[in-house]
Amino acid sequence: MAVSSIEIPVRFAETDAMGIVHHSNYVIWFEAGRVALMADAGIPYTDIAAGGNHFAVTSLQVDYRLPAHFGETVRLMTTVGALRSRQIVFHYVLAGQDGRALATGSTEHMCVDLANRTARIPAPVAAVLQAFAER
Amino acid sequence: MAVSSIEIPVRFAETDAMGIVHHSNYVIWFEAGRVALMADAGIPYTDIAAGGNHFAVTSLQVDYRLPAHFGETVRLMTTVGALRSRQIVFHYVLAGQDGRALATGSTEHMCVDLANRTARIPAPVAAVLQAFAER
Amino acid sequence: MAVSSIEIPVRFAETDAMGIVHHSNYVIWFEAGRVALMADAGIPYTDIAAGGNHFAVTSLQVDYRLPAHFGETVRLMTTVGALRSRQIVFHYVLAGQDGRALATGSTEHMCVDLANRTARIPAPVAAVLQAFAER
Amino acid sequence: MAVSSIEIPVRFAETDAMGIVHHSNYVIWFEAGRVALMADAGIPYTDIAAGGNHFAVTSLQVDYRLPAHFGETVRLMTTVGALRSRQIVFHYVLAGQDGRALATGSTEHMCVDLANRTARIPAPVAAVLQAFAER
């Protein structure tokens, strides 16, 4: 099972008055993770969008274990989960600079067309993502 | 079961290139919802924080049903779920201007002290939240 | 000179590790201010956008005087500045709950069409904004 | 005059319904730019903060020339401007993936202590930033 990994330098703007990264930023980081996975797999998300499709988020789940801090560079590892004709799941593990897991999560997506109607994941996209998942 | 309700005018900055509200903003709105609930219940979050405690988010779950758009004012309804000695759960229902449910979700929180150690929810805070939940 | 005024409850997510509102949020609040001004003037921004135009930001200036804090509701007052055939300027004063000025600023905008080309501000829009400015 | 340069992959969450990067994100990128400059100069911002000081933003100015898009990696170049006993100015040039200038800007900062009172920039910090500026 192939893993896509990116490093994210924590921005000061991502912190909150508790002195740690605000939990909403993990959702934005997860998106950066799946965008990087698609690029790694060989099908940039801009190509999918240019083809008239989007992976609309239908469900989100995050477990927060340890806080992330400004000044560290965190690592996000993203994998492909269930892949169906119109749906795809991504899984995420976020690690701190010391390697400890800070959070885990997953997102479920429905493939939609430009009119926001449910659509089949284009065959070439599905093939590339399936191949990445099995790599 | 008492419900705290707030209206949120969608900001243009909250939209994304799909022309709808970016899904990460729901997480920020949920936070505004539970802050409003605590104020409605009679125990502003600033008082809890001034007392040396925070409700750190340990888990987050969102189901997205319909998109929210710039130009509408959405309504967020927040309720208290499970309330334990050190943990509290909030539930959320987000409705569009036309009344349809856009999303549902929940967050789990651990009470922590200023050193980020697990702590009991202060008795007066727990009492007020329990009373609100049973109202 | 008419002033459009809105109240903004500070969100916890808008704070940073200095314990105050992060300065980038003022830029988002200013946008909410000019959107409210257009609605007050009688020409909602969604109508302008539906007509195929946008007021692209070409310049931004903010002076920060005092910090804003979570737990307070700030007040933003927005006015129309220079209004030319293709450009418009907005001015902003942000006040804290105690009435003291927290920040002042201005934004300059170029009217663009859907292809992002410079365009004349539609006559009815210009008339409404001019009338508001002179009210 | 030394320049600190960082690459920033545009996040989808940073776009808005105009299909381009929302202008508020440039403010967050500028912050990442000056944080990188301080690290390049040899005085990480976390060290300055750990020493009890912050560079509070007192003024911000941005000129927007061309839009940035999701799918490109932009380059931000940051330099030190005026450096006084209690104040520092940073200048920014943001370039698109094709090398064209997307935006320029500057921020002015006042050195403050933990109680948010004006303070002298610590001598070692000032020396390191001066040396970087003259490099």
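Residue numbering begins at 1 within each chain, and the chains themselves are lettered A, B, C and D in the order written.
Here, a contact is a pair of C-beta atoms (placed from the backbone, for glycine too) under 8 Å apart; a residue touches a chain by one contact, two chains touch by 3 or more.
Because the structure is predicted, anything quoted here is derived from the model rather than measured.
Hey, which pair has more contacts between C-betas, A-B or B-C?
A-B
Where the centre means the average of the CA atoms, what chain is farthest from chain B?
The chain lying farthest from chain B is D.
Any idea how many Å lie between the Cα centroids of chain B and chain D?
33
Take the average of all CA coordinates in chain A, do the same for chain B, and state the distance between these two points in whole angstrom.
Chain centroid spacing, chain A to chain B, equals 24 Å.
Which whole number of Å gives the spacing of the CA centres of chain B and chain C?
27
Quick check on chain A: which residues sit in contact with 2+ other chains?
Only 12-13, 17, 20, 24, 28, 31, 70 qualify.
With touch defined as at the start, can you tell me which chain D residues reach chain A in the complex?
Listed in rising order, the residues of chain D that touch chain A are 9, 11-13, 28, 31-32, 35, 44-46, 70-71.
Over in the complex, which chain D residues touch chain B? Could you list them?
Residue list for chain D touching chain B: 12-13, 15-17, 19-20, 22, 24, 70.
Quick check: in the complex, which residue numbers of chain D touch chain C?
Residues 17-18, 20, 23-25, 27-28, 31, 49, 54, 56-65, 67, 116.
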